[in-house]
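In the part that follows, the structures are each spelled out as structure tokens.
Common to both upcoming complexes is chain A, partnered first by chain B, then by chain C.
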Partner chain A sequence: MLTHALFGGLLFGLYFTLVGLGLNLIFGVMRIVNLAHGDFLMLGAFAAYWLFTLFGLHPLVAAVAVLVVFVLVGLPIYYLIVPRLLVSRDSEMLSIILFFGLSQIIEALASIFFGTTERSIPGRVLGTGPVRILGQSVPSAWAFGAAVSAVAVILVYLYLYRTRLGTLTRAVMVSRDEALATGIDVHRVSAIAFGIGIALAGIAGVFEPFMLGSVTPAIGGDITIAAFAVIVVGTLGNPLGTVLGGIVYGVSLLLMQTYLSSWANLLPNLLLIGVLLIRPEGLLGRQVRRA
Partner chain B sequence: MRRTVGRRGTGDLLIALVVTAIMAALPFGYSNELLLFNFVTFLALSQGLNVLYGFTGYLPFGYVGFFGAGAYGFALTVMHLNWPPLAAMAAAGVAALILAAILTPLLRLSGAYFAIASLAAAQSVYEIVANPALEDVTKGPYGVSLSGVFAPMFSYQVGVAVLLFSLVVVVWLRNSRFGLALQAIREDTVSAAMAGVSVVRGRTIAWLLSALIAGLVGGVYAWHISVFYPDTAFNIQFSIFATVFVLFGGATTLIGPILGVVILYGVYNTIGITVPQYFQLIYGVLIVALVLFLPNGLVSLATRRGIRVP
Partner chain C sequence: MLRRALLGLVALVPLALARPVLAAEAPSEIKIGHLHAGSGPYASISMPVYLGLKLWVDQTNASGGAFVKAFNKKIPLKLISYDDQSSTATAATLYNQLITQDKVDLLVADSGSVLTSVAVPIAREHKQFLFDPTGTGATFFQNNPYIALLADPVSTIWPKYIADFLKDDGVKAGIKKVALLYSTNDFTGTQATALRGFLKTPDSGLEIVYDQGVPTNTSSYTVLINNIAAADPDAVIALGYTGNDIAFLRNLQDSGNKFRFLFAIYPGIETDELVKNVGPQGLDGVFTYVTSAAIAYKPEVGPTEAEFRKMFEKANAGSGVAYGFNAIAGYTTALVLQETLAHADSLSQADLRKAVFGLSGKLKTLDGTFELDEHGAQIGEITPLGQVHPEGKGVKITVVYPHDLATGKPVFGKP
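Entry: the complex of A and B
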């Protein structure tokens, strides 16, 4: 039972890496908190649901479609909102209020257009029955989610460390002002990172109905908290630290569900508060962030 | 200098008293008393949020946690100890103060981290209160019934008294040395500390005052509606509404949050209740527009032109 919880938690946690990855990328590049992250994820889940129900599209195909559409949607949202926000006096604080408003808009529109009933996609779409990996049998959806997440992490890594745009992105992450002084088109770099961040949320959303059972317009808030817990544990502003955060989150969640199931819902909240208070720089962080 | 401050303080206090008198008198001329009570609740709650956000810059998304703690502090003392309602009101305040004291370390976090952590803290309290494992104590998710102490008119007037308290706290902060010190901390912590202002003490007092107001409002809310569920008492809408009202009207002022409640909650009650999604949409658009175009609220239209707003 213990090994099963550990191994299942590893796969589940890899999925949660994907859930937090986009949020962390946006925070790292723009130092703004996208509180609508969970709601973009919810939109991805609905996209997967409708693409499957109407056209019978496989979630992997839906994921590619979501990637393209969300990047294209993210760019105009960036230019409409963020440049105005970044020149304000306290952009981090205002961003949290503004994106909170955005999350209300998205949730309201989703309720109006999709209704508030729970929707789910039959699990057999991702293969029937549990898969056996290393002697452990796990739901095939978990293996799928973990694999997609791993691919996404590798692609983000390649983008950040092997492309010219990625190098520029990392320069902006280190120091926005110096990047600007060097002649980097900060807004272009940031807009693309914003689009990618939202697209990552959308892709995580495509697999949400399989990992968490169903989707309603109201799931966004809880997922944003979970995603925030993941990226805080795995160091804010360091997209690759998210992997560690996700795994810690997944393993502890499954351990809680195995041994203390009625209190499992407390976990993301307590993990978040605990890490913020005890080690605010995250598990991999070096710099101490002062209040 | 001192005299003008004193005169302003009298003016502010007058506004507080007039608002309180209006809210106390309204039920005698208007029959929808539950609606009026909701107005009193939000007027007081948004002033409580104003104490923290307006004067220290900390935005607690989990403000509803104190409200819920107050509601359950009231309910548990009435249910298990058979306390009279007014004593239970004190328990409501104490419950919120205890929660605030436990959560004081959150003040070490800055801006966004504080907002998120306070939300997570409120969620944690909700998960504990609503947990079926604690059914014997809190009645878990099945809710509590306080029909034994149900007294709509009396509890309404106690609610108005809580409102007066919250208004007076804001008047005091706006016209006292302590309130100025808090604003100095908010603007520049290091300089304020160098000028001899005790940063930790100031923030902690504002935090506890703000929590106390929310706890008292939660207690009187529990008393007034008398049957409720954890989902009601810890509904995140309370935080959202209070935040939007304060932002809309303008934080750090006395009349800003009042304007926010009267205008926005008034609109909500005329159009919002039948189709909540549309109202959520309007609120979302409003928040985005406010942050982008009027980050200091409605009153900034006047303060921008050099007019002092109470």
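Entry: the complex of A and C
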């Protein structure tokens, strides 16, 4: 049981890396807390559901479509909301209120348009039965979720460290004012990062019905809390620290389910409190906090 | 003598005047207060109840209103239903608002035990009778004269047939070890406690080898299923809400584990939704409760289940709300309200209670026989044990226990 919980937690945690990755990228670049993150993930799940139901699109194809559409949707949302937010006196605090409101609006609209019943995509789409990896039997969906997450992390890494736009993004992450002073088009860089962050949430959403059973308009809140725990553990503002945060979250959750199942829903809060009390800068520490 | 007679006449004057005044005081509308969860984890069990209730209100108003015996006339209904968003804190505020601000005549709780649990003490404190559609927590009915459970039995009764079936047919088929996994809330937690009590009798021949509770918002069961399999049970009983059952059954399919006996609550309650999300093959052989959605009762009041289903689906086409037992529960609640108004001597809470309890054992609806025990707990609308079998793109459910109601024989998985 312990081995299965540890190995399963690793794969499950890799999926939660993907869940938290976009949230951390947005926080790292803009220093704003996107409390609607889980709701964008929910929209990604519904997109996958409708693309499969109406056109029979495989989730991997749906993920590509979601990536493109969500980046394009993220850009106008950025220009509509974020620049005004960033010139306010306390943009971090105000972002919490603003995006909480946005979260409520998205959930309400989704409830109106999609209804409140559970929706899911047949599990056989990602393969029937479990797969064996390193002697452990795990659902195909977990292997898919972990693999897609790993690809997303690599692409984000390549974007940040191997492209000119990524270099500019890291410059904004280090100091927005200094980046502005050096002539970097901070809003353009931030808007693209915002779009990518939203798209990463959408891609995580595509696999949500497989990882978490089904999707309803109400899942956003719980997902945002889990994503927040992941990025706080892995270091706020450090997108790649999210990998560690996700794995710690996944392994801890499955260990809790194995040995203290009734208390498993306390985990995100326990992790948040524990990290904030013992190591507020996150597990990866200050050295890498600003990428 | 003459003085006494005169005094008596004077005393009768107000009573004589009271009758025409009473008729004149008939309200312009009967206010029904209700909460529904338009979003959140309980929306899928709450919205069907709300829409079932609303359907009856619309139908009744279209025919001129509900007959109210206290005023001997039909009076239009006004449904005041707020959205509690599945939040118990919001629900508590809104229940108070319905009683103290809206001053509703009839108070109907939201669906399910979690959102009903906050209504129970509030209604009791304000001495307002609570019409409880599906809040089945056993504690609601302890020393509480202000409640009646209308559309399904109290939680302690639900698992009786599971236990009896396992002790009877199950043991004969070689089932000895039982795993119990439940969500920690009033509805399923109470059932788990009751089930434990039924199974842990010395002569049961059954042993509980796994017994774990999980939070109601659990959405990943893979590791739990692996842990259950490690305990090597013959029978697995999973008690959760709709979302829990969907996640559990999907994860079970993905895991490749199979058990000789598998029970889940919602395949028999929200059948369409489970079929849509888990698929007919994923439900093959699953034992479940059989509700009025799968049993054709002959109602003496209101439509049959088939007629109601047509009405519900027509009225709510495109709403995104699936038809299932909770829709029936909403309409059954409405029929109880209808009969209560038709039998209550006044709209006082005491007379409403008296009228509801007066219906016990006499009212037969599409949900079976409405029968209350002395505490207001529902004991008539029973939930036999059934088994799901794929049929075309859907499923059919056969009743397997109790034997006198059985429509088919149980099929156990291979050892």
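Definition applied: the second predicted complex is superposed on the first by the 286 of 291 C-alpha atoms of A that agree within 3 Å, B and C clash if a C-alpha of one lies under 4 Å from a C-alpha of the other, contacts with A are read in each partner's own complex, and residues count from 1 in each chain.
As a working rule, contacts are C-beta pairs under 8 Å (C-beta built on N, C-alpha and C of every residue); 3 or more make two chains touch, one makes a residue touch a chain.
Quick caveat: nothing in here was measured; it's all calculated off a predicted structure.
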Exercise. Would chain B and chain C fit next to each other on chain A once aligned, or clash?
Worked result: clash
For this session: Would you check which partner chain A:S140 touches, where first means chain B only, second means chain C only, and both and neither mean what they say?
Result: second
Problem set entry | First (chain B), second (chain C), both or neither touched by A:I225 | first
For this session: Have a look at where A:S262 lands relative to chain B and chain C in the superposition and call it first, second, both or neither.
Result: both
Exercise. If you stack the two complexes on chain A, which partner ends up touching A:F12: first (chain B), second (chain C), both, or neither?
Worked result: second
Exercise. Is A:S111 touching the first partner chain B, the second partner chain C, both, or neither of them?
Worked result: both
Exercise. After lining up the shared chain so the two structures overlap, which partner does A:G101 touch, if you call chain B first and chain C second: first, second, both or neither?
Worked result: first
Exercise. Who does A:H4 touch here: chain B (first), chain C (second), both, or neither?
Worked result: second
Exercise. Which holds for A:V33: it touches chain B only (first), chain C only (second), both, or neither?
Worked result: first
For this session: Could you name the one stretch of chain C listed in 93-101, 255-263, 327-335 or 363-371 that collides with chain B in the superposition?
Result: 93-101
Problem set entry | chain B and chain C contact sites that coincide on chain A, given as residue numbers | 107-108, 111, 262-263, 265
Exercise. For chain A, which residues count as touching chain C in their complex?
Worked result: 1, 4-5, 8-9, 12, 107-108, 111, 113-120, 122-123, 129-130, 137-142, 211-214, 216-218, 222, 253-254, 257-258, 261-265
For this session: Note which residues of chain A are touching chain B in the complex, please.
Result: 33, 81, 84-85, 88, 90, 92-98, 100-109, 111-112, 221, 225, 228-229, 232, 262-263, 265-266, 268-270, 272-273, 276-277, 280, 289-291
For this session: Give every residue of chain C touching chain A within the complex, in rising order.
Result: 37-41, 43-44, 47, 86, 184, 212-215, 217-220, 222-224, 226-227, 230, 242-243, 246-248, 250-251, 253-256, 273, 276-277, 279, 319-322
Seminar exercise, completed: Interface with chain A, chain B side, in the complex: residues 57, 59, 61, 105-117, 119-121, 123-124, 127-128, 131-133, 236, 240, 243, 247, 277-278, 280-281, 283-288, 290-292, 295
